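In what comes next, chain A is part of two complexes: it sits with chain B in the first one and with chain C in the second one.
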Partner chain A sequence: MTRFLIKRIALLVPVVFGIITATFLLMHATPGDPALTYLGNHPEPAAIAALHHQWGLDKPVTQQYLDFIGGLFTGDLGNSLFYNETIVKLISLKLPPTLMLMIMGSLFGIIFALPLAIWTAIRKDKFIDHLVSLLNAVILGMPIFFIGAMGILFLALKVQIFPVGGYGETNLQHLWSLVLPSLTIGLGLVPLLVRSLRTSVIESLDSEYVAFARSKGLKNRSVWLKYALRNGSISGISILGIQVGYLAGGSLVIENVFGIPGMGSFLMTGILNRDFPVIQGATLTFAMLVVLVYLLTDVSYALLDPRARFK
Partner chain B sequence: MSTSLSLRPNILSRLRGFRVNNFRLYLGIFIIFVVVAMAVLASHLTKFDPISQDLLNTLQGGTAEHFLGTDNLGRDVWSRLLYGGRTDLFLASIAVLAPFVIGTVVGAICGYFSGWVDTLVMRIADVVVAFPFYVLVISLVFILGNGVGSIFIAISLVSWVAYARIVRAETMIVRSKEFIEAAQTGGISNQKIITRHVLPNVITQAIVYAMSDIVLNIGVIVTLSYFGLGIVPPTPDWGRMIAEGQQFLAGGYYALTILPALAVVITSLGLSFIGDGLAVALRVKR
Partner chain C sequence: MNAMNSGAMTSNVLEVEDLQIVARIAGRDYIAIDNISFSVAEGHARGLVGESGSGKSLTLRAIMGLLPANVRVTSGVIKFQGQDLLAEGGKYRKSVLGTGISMVFQEPSVALNPVMKIGKQITDSLMQHSDLNRKQARERAIDLMDQVGIREASKRVDDFPFQLSGGMKQRVMIAAALACGPELILCDEPTTALDVTIQAQIIELFKKLRSELKVSLLYVTHDIGVVAELCDAISVMYSGRIVEQADDINKVFSHPRHPYTKALLSAIPRIDGPIQRLKGLDNTGPSLTQRSQELAPPMTNVEPGWQIAPFEFADLDALWSASSHE
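Up next, the complex of A and B:
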């Protein structure tokens, strides 16, 4: 296991380095001048020069790159142009709601998807299988903000169960205001999860150990609960891990629909305010989050299934 | 005579099997044909300009004149749906071409030669997929500035990775086959082997994936314009229509939001059906 961990983390180094470089390039080597974008139409040349100096854009690109990496190691991502606060401080405030949203969203996704996957796997090619696959295609085609808007319309405006948006004041209110957004993300995840989960359940039901269990006289119900559900949950972990990009993108959109003050609305306000350090910091955080989840997925999978350690 | 007799049932049964199994493919093609025809023939299907405002007739339900009603600026909803489809469909399908070509070529080269080029490209791919699709595309569109060109470049920079990975994996399987070895021993150039023998065997995977990729593109384009990025008003587009209609949901004007969303769903459904059907017809495992 230690060897697996070392190998896995060593593989991570070039990717993390690449992410840092890509984020840097995104902001510094792209056409257009951030100062011009920031100042709007017809700015004073002196103002441009002042901003360039403030952001260190008057230094050579290599020096800027080294400064950027040096800043990362000392936990300095610069200051927001609007909030008068360091990026690191802002991210530490905005990250918890997003993490919570992603966790609750994936929980709802699994809760919806696992029974559907097992059901359609057992009734493979029957009516219910086709119906679920059709519904999946419909949900897959729905923009996630539309699912959110419909949720608000029916569950917050018509039947007033959930708040229309916002994040509340107390911890309990925070949690309660995240339910509808997480339900939305969970629903969006269902088609992605069901498709792969169904395949893995079918595989485990076709396997020799299930045939053996049946030959011992095990009833259908225990086969489904003991083998289909358990194996389905294990592969569910890795499938969820793969979908973390979708989760992050979904929370970016959903936070803006529901007005949740997380990383997604942070990035979007950064974009609307033309707040370059914010965009840079938020993009970097999202990418690091994805890489971290990939790592955790691989490690937990290796813990559950020793064979994965020797691949 | 005897050959034709023995052939006939064979062909017939194959055709029948194809038709029955591939209901989805034909349904998908039909849906997309109708949607595309409506977008292309937009100017013949409505007499209204999608962007001309009529402030005396705002927020009307269906009337004889405007049969799907008008929006908050008195613009004809039916006309905006048609022209919006033109914008979104055109952009989504154009934005699939560059990633398809780049990804397929890169994937085939990486899979065929392996070595350090392969390692380098795959590490770059790892970096690209570390950024959530929406996060990267939205940031890129911001940096490149609003507009159709920016959307096209942003999607291309991100989406090639999926094609490259799919085609690379398939190429590595094909590369180990005997007919490739035979071609190599026969002294055929690597370039010719890739174009003549590798690509025809691996491209079907990429084609099937392209269908779900267009669905992804429609999703991201619509989401961008929902947030006021990318496609600039007054150009009609489904995402902007949903965003504007949403403000009137609480007032009971559901059609303004639901109709464009329905257009997105039907289009995506058609494309998914084609993708599923093609996967069956081309015997591609997904």
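Up next, the complex of A and C:
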């Protein structure tokens, strides 16, 4: 397992380097001058040049790239052009809500999907199976912001269990205000998760190893959990990984709907302000999140399937 | 061992009477198995032979309650130790699976859970049926692995199936089948997926288990040689019916009565005797959906403990071309 981990992490080095370079290049390929946004209408050319000099934009691109890489090694992502703060400081404030949102959302998704998947697999082609697949199709057809808005309408405005939006003051309030958005995210994960898990659980239930398990007189519970679900979840984990990877980007929408001051809204304001260090930092953070999610996916895969571990 | 002589003394572990199994394919019912009756005497082994598709494996799965969703037992009785396995929706069967009857499957590479340690797979039924703790179960798994001839069992007990050879995997499955000390083991072509030397070793192992544990076997195979070596009794199946069976295997081997049995026996290559052209059957039996749907006629006694089916029925006629029918 240790060897597997080392190998897997070593493989990340070129990926991460590629992401860093792509982030930098994208920034410089996109049109728009931050100095223009900063100075407003009809600025003096001299003022623009001064700002460019101050931000290091007058240097050759290669030099800027090397400065950027060098900064990364020392943990310096530069300063925001608009907030008088370092990017690292800003990210350390904005990342926790997004991270919590992703974690709680995935957990809710798993908690909903696992029992539904095994239930519909066991009751294949029965009423409950059809009902769940119908609901899945409905959820799949609804955009995530719509589900969020519905959640706010019923659970925050009508029943008033959850706050309508915002992030609260204390840690407990933070956590509580993340429940409804996380539920929304979790619900959005359910359809594809249930579909893929159900299929692989059904495959497991039809397999010879389940027949053998039954021939040993094992109880249904053991057969379902230790054989069918355990084996079925191996393929489910890759689907979950991909979806949670998407979530990193999806949080942008959800954070806006619920007014959560996370990475998504941070990136949005960065883009609107042409605050290029912010965009660079936020994009890099999102990319790293996705890389981390895929790493975790691979690790969980290896934990569930020994064949992946020993290769 | 001769089942005929001791027949009056021993009781039957397993009795199958007039079993009929129907498969529903594309909305139509087809008779897959009809009029199957046989028994396995305590401590004895019956070979169930026939070509692919003759219904031998289906018979085993019906006994175990492992039939696919579209296949069902439509009539007949399956008794284990005198009690009906099918009664009360299989409630009694549930209580004897693993502990009274167990099964060894054809392909160990797909019948073992690929992501579970073999030691656990050997003893998970034992853990359920007794109050052994994890450590004791592990010790028991090692004992069982020793018993079925897996070397360095204490090192291998934590291996996963993919780390074992085919023969070793089959030994693991046999160990799992033995774990709760069953009286009867159903074997579904347990050596078919293995190469010849390993086949011989596994058959030796079954012989050893028979003599040491007095366990009864119902052994499904298409290899008559294996039956000759391992079994006391034989039932020959063809196209979902039994065409000939005897409690004493030697009778069928020396004087087969049914033309299908004769043809099957003459298809065995011999290493001794004059060199001759290998005989074979011209066709295999018809597939399930092509089969004649007439009910199987009753079998007649050649003598007590030896029955044959009437020679005339449609599926059988399809088997011979004029040239080879002797």
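Everything below uses one rule, namely that the second predicted complex is superposed on the first by the 273 of 311 C-alpha atoms of A that agree within 3 Å, B and C clash if a C-alpha of one lies under 4 Å from a C-alpha of the other, contacts with A are read in each partner's own complex, and residues count from 1 in each chain.
The definition used in the following text is that contacts are C-beta pairs under 8 Å (C-beta built on N, C-alpha and C of every residue); 3 or more make two chains touch, one makes a residue touch a chain.
All of these numbers come straight from a predicted model, not from anything done at the bench.
Within the superposed three-chain model, A:291 lies in touch with chain B and out of touch with chain C [touch as defined at top].
Once the two complexes are laid over each other on the shared chain, residue contacts for A:173 go to neither chain B nor chain C.
More residues of chain A are touched by B (comparison of chain B with chain C).
In the overlay built on the shared chain, the residue A:153 is in contact with chain B alone; chain C does not reach it. In the superposition on chain A, A:18 makes contact with chain B only, not with chain C. In the superposition on chain A, contact of A:138 is made with chain B only, not with chain C. Once chain A of one complex is fitted onto chain A of the other, the partner contacts of A:63 are absent, as it touches neither chain B nor chain C. Taken together, the chain A residues at the contact with chain C in this complex read 207-209, 211-219, 222, 226-227, 230-231, 234, 304-307, 310. Residues 61, 64-66, 94-99, 102-103, 105, 107, 110-116, 124-125, 128-129, 160, 162-163, 173, 176-177, 179-180 of chain C are the ones touching chain A in the complex. Looking at the complex, you find that chain A touches chain B at residues 14-15, 18-19, 21-22, 26-27, 30-32, 137-138, 140-146, 149, 152-153, 157, 245-246, 248-250, 252-253, 256, 267-268, 271, 279, 282-283, 286-287, 290-291, 294.
Residue ranges of chain B in contact with chain A, taken from their complex: 123-124, 126-136, 138-140, 142-145, 215, 219, 222-223, 226-227, 229, 239, 242, 246, 249-250, 257, 261, 264-269, 272-273.
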